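Listed below are the structures to be examined.
One chain, subunit A, appears in both complexes that follow, with subunit B as partner in the first and subunit C in the second.
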Partner chain A sequence: MKNEAIISIQNVTKRFPVGDGEFTALKNINLEFQRGEFAGLVGPSGSGKTTLLNIIGSLDSPTEGDALVLGKNISELSHKESALLRNKHIGFIFQVYNLLPVYTVYENVEFALLLQNIPKVQRQKMVMEALEWVGLASMADKKPDKLSGGEGQRVAIARAMVKKPEIVIADEPSANLDAENTHAILKTMRELNENLGTTFLFSTHDEKVMGYLDRIVHLRDGAVEEDEIIKSKTTNQ
Partner chain B sequence: MKLAFQLAYKNLIGAGLRTWLNVGVLAFSFIIIIFYNGLIDGWNDQAKHDSIAWEFGEGKLMHSDYDPFDPFTILDGHGVLENDQLNDLTPILLRQASIYPEGRMLSVALKGIDANQTILELPTAALKNSTAEIPAIIGRNMADAANLKTGDNILLRWRDKGGTFDAAKVTIVDVFETNVPTVDAGQVWIPIKKMWEMTGLENHATFFIANEKYQPSNILDWKYQNQEMLLSDLNEIIAMKKVSGSIMYLLLLAIALLAIFDTQVLSVFRRQKEIGTYISLGMTRSQVVGLFTVEGSMYSFFAMILGSIVGVPLFAYLAKTGIGMPAASRDMGIPLAERIFPVFSIQLIVGTILLVVIAATIVSFLPARKISKMNPVLALKGKLQ
Partner chain C sequence: MIQFLLKGILRDKSRSILPIIVVSIGVALTVVLSAYMKGAFGDLIDQNARFETGHVKIMTKAYAENKAQLPNDLALLEVDKLIESLDKDFPEMEWVNRIRFGGLIDVPDAQGESKGQGPAAGIAINLFDEKSSEAKRMNIESSIVKGGMPQKNGEAIIGNDFAEKLNLKIGDEITYFGTTMNGSMTFQNFIVSGTIRFGAAAMDRGAIVVDISDAQKMLDMENGTGELLGFSKLNIYDDEKVKQLADKFNQKYVDDLDEFAPIMLPLRAQNNLGEMIDYSSYMSSIFVFIFVFAMSIVLWNTGLLGGLRRYQEFGIRLALGEEKGMIYRRLILEAILIGVIGSIVGTLIGLGGAYYLQIVGIDISDYMDNSTMLMPSVLRAKVTPELFFIGFIPGLLAMVFGNMLSGLGIYKRETARLFKELEV
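Moving on, here comes the complex of A and B:
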């Protein structure tokens, strides 16, 4: 399953207009991620972690260079095509969970499947399976405001995983969690990575998260400072 | 699209009070618009019906010298029709006269009418059956204005065909109730045969009222006006009333739509992270625009349901019992009943629903359009201004 480049970043530069000038968030980045990797972009604030993840997630596009995700060049995708890519192949986990407040846990997880027009019976099975992965099957009827931070993030993981995407992008997933919940959600994600072969890409500066990663790409001032491969990671840390 | 409706429904229900405030205002607009138009339509129907029944019949054949809006034409605006031209017509001769109730002089329009006529609802049978020398019938407004009642004798002065004044006592044999002021206010009705004797205008008429069998033809010195022409003034008054009334309900509708517009603007601004989440989960921007537009237009569907719950029993009750009109409003010179029965037609209801739904959809779409230009990354951060 591994040794297949699922993400290929080639000479990617990203600039943002700031006032009359420009801010360069990414400078000529070259990276590849293999299918099934459990990798993280690490660096201080402003290092370009989130910008790179947004490009990989087809929420943004590079100013220069090519970002190939599942063989598709992000810059060349139409709005509809990038929406389809996100809907079918990419799951997102956000720092503040971004659960839809008026929906129940079940409905939040079901949302991505609704967009794929999956039949109701199959949807129910998939949603409950995803909720069981994160240990929240019994809370399916609760609204997000009744959940703790850890539970909320686990719902977000279930929502990202329910469609069994090839890539999950997790932007600072532990930023609002205590140590216990951080370890809990990381273990869950690691299990899903190993069991389903999903590629996980994190942005973080949390050392607890780094402890679970197979590979750490250090970014500083928009450039790759170090690409560190860490071997022999297990789920029992 | 089905998904947009499902999501919009959940979002609106989940939004709670904000949704129900908008729905409440919109439902109120629905009810007011339908009520007001129903009232006008009811008045329209009643006024037309009463005008035809009491004044116009199927049409009027008027002497070409007579102009209903020019009192100076009464003196000479009359003539005679050949016998073979009188089929299906009831003659009415109009002269100016004065009466003297309680010693005061009151100018009246003296109208002679065939006592055997059946075209108009005027109770002319009372003239036929009376043994009085000169029997007369008058309307309730006239009776009130002159302080007259059935059985009263009153001095009437008129001019004959030579212009000589003459006077006689007339007897009020009936006071009729009508909503049509033009056959009531300032009018005294007597048998036309008696009037011919009094004026010396044998077989003359100012105009004829036609029944449904009458076939209009060109007759020299006479002009025919059908119902449509006769009702045109009334239609214009009602159309004007509708326009003036529509300003009121358009203002009300504008307030309701403004509430939806504001809610949508606020939603697009406050729900940036939600919009970013939708996009990150795989919705296209146009799908999100569609979702927000459907949310806005769904207010009108909810308002329709709420409006129906409140409005249907209310309208059914009003259509059955009618709405009492103040007595003063009956002096306006147009047919106005004591009670108006509103008419809530299917066209009115469907038209109002379409108006509100389309307007709500448009005002929802306008702010939602911004989403199509939204940067999802900034939206996810909630950083859009």
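Moving on, here comes the complex of A and C:
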């Protein structure tokens, strides 16, 4: 599964206009992520973590350089193609679970599949499977306001994973969770990473999250400070 | 996906209730006002047609020019022959003679001395022929306050207010004073068989209704009539059809310089009713436009508020890979669903209101005491099949326009800021 570059960041620079000048959020970044990696971008606020995740997630494009995701150059994608890439191949997990409050747990997870026009019977199977992965099959009919924080984030993981994407981008997924729930969702994600071969890319500065990562890319002031490979991480931590 | 959106609409009360209320109110008002205008103007036109203009009216050209003066000296003669020809040319129409006449009504006391007098606004119609629908058409039987219909020649019905003023009782004798069509003076006694109130102030003042044969005899108008009215046998006034019919008839006499040659006037060419018909249609369009415009603004604002509230949802959808255009189209689809729901609710409420106004109506008789215009004293709405869909025009259009405007914000959303926005 590994040793296949799924994300390739080549000399990427990202600048934003600020007033009359510019702010450089990313400076000549070069990185490569292999299929099935469980990696994280770590660094203080303003280090460029979210900007880099935006580019990898095809939500933004670099000012200079190339960002190849699943072989597609993000700079060359139209809005429609970017949306299609996210729709089919990339799952997102946010700091706040961002579940749609009027829909049930089942429907929140199902929504990702509705966008792909998957037939109902197949959808049903996939949603229940995803809810089983995160241990929430019995709560399928509950509304988000009836869930605890950890359960909400597990539904968000199921929503990101239900379409079996190649890449999952998780932006500070533990920011609103206590230690127990943080460990629980990370174990779940780690299992999915190992069982499904999904590449997970985190943005975090949470030590607990870092403890689960195979690789930590340290960013500072928009540049890679250190690319740390940590071996022999397991789900039993 | 539609099912999914519908669930969201039904469950998210703040997303659906306010727009549905706005649409329902607008639609209900459109339906009620359309029904009321249709009914009021329809009644006005119908009443004019039944009492005065017919769907078409034939007079001599000279009579037509002075018809306000009821110039029976310029009346149509040899009417039987004319009706025979009309029946042949226009079998879809029914033709009826009417003579309108003015004069004086004198009420004598037991000694034969005059105890009271008043101006007469007489109308002579065919009361005795069983095949004639004139009495029914003019609602005479149901408008009788006291007594009954004339049963034989020499009997008349007079206005109830006039009868009360002169303390007349059923069976009392009255004398009509007037002029014949040849200009000589005429007197005719009538027995009061009943009193009547038409409900139209212009008709009720000094009304006297007699059989046409009495009037022909009294006014020396053997086989003559002041006016020959044509009514569609289906009793439906079709403005365009009637105009064609009149054009066809008049074509025959266009070069006839005889002032006694007949001329046919369609309803719209009489009593300014054409302007009334156009005004009614114009006002209906204006109402629909105003409701579409006003509701669009309200729904635009509702959409903007909804858009702010759903900012997070749209962000998630963008992140999940839904295209901006698709979100916009689905927003419009939601608007259509809400518009349809609101329009159905509003139409039902509006139909209920229209039906109530059709039964009860609004009594304007207090404002009509001095009116010379022939119009009903109770204005009622009319429930017609078009009311079942007319509300959908403002309901759907306003909702869709409002959401199209407010939804444009989706295109301004920067996906690059989604993570930051969704952190909140």
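The rule we apply is simple: the second predicted complex is superposed on the first by the 237 of 237 C-alpha atoms of A that agree within 3 Å, B and C clash if a C-alpha of one lies under 4 Å from a C-alpha of the other, contacts with A are read in each partner's own complex, and residues count from 1 in each chain.
As a convention for this text, a residue touches a chain if its C-beta (ideal position, glycine included) is under 8 Å from a C-beta of that chain, and two chains touch if they have at least 3 such contacts.
The shown structure was predicted, so the numbers you read here are calculated from the model rather than taken from an experiment.
When both complexes are superposed on subunit A, subunit B and subunit C occupy overlapping space and clash. In the superposed model, A:54 lies in contact with both subunit B and subunit C.
When the two structures are aligned on the shared chain, A:102 is found in touch with subunit B and with subunit C.
Contacts of A:182 after superposition: neither subunit B nor subunit C is touched.
Contact with both subunit B and subunit C is seen for A:79 once the two complexes are overlaid on the shared chain. In the superposed model, A:92 makes contact with both subunit B and subunit C. Greater residue coverage of subunit A by touch, when subunit B is weighed against subunit C, goes to C. Touching of subunit A by both subunit B and subunit C, each in its own complex, is seen for residues 54, 57, 59-60, 79-80, 83-84, 86-88, 92, 94, 96, 98, 100, 102-103, 107, 111-112, 114-115, 159. Contacts from subunit A toward subunit C in the complex involve residues 50, 53-54, 57, 59-60, 79-80, 82-88, 90, 92, 94-96, 98, 100, 102-103, 107, 110-112, 114-115, 159, 171-172.
The touching residues of subunit C, when paired with subunit A in their complex, are 1, 4, 7-8, 11-12, 15, 312-313, 315-326, 415-416, 418-420, 422-424. Subunit B meets subunit A in the complex at residues 3, 6-7, 10-11, 13-15, 273-274, 276-277, 279-287, 375-377, 380. The touching residues of subunit A, when paired with subunit B in their complex, are 54, 57, 59-60, 79-80, 83-84, 86-88, 92, 94, 96, 98, 100-103, 107, 111-112, 114-116, 159.
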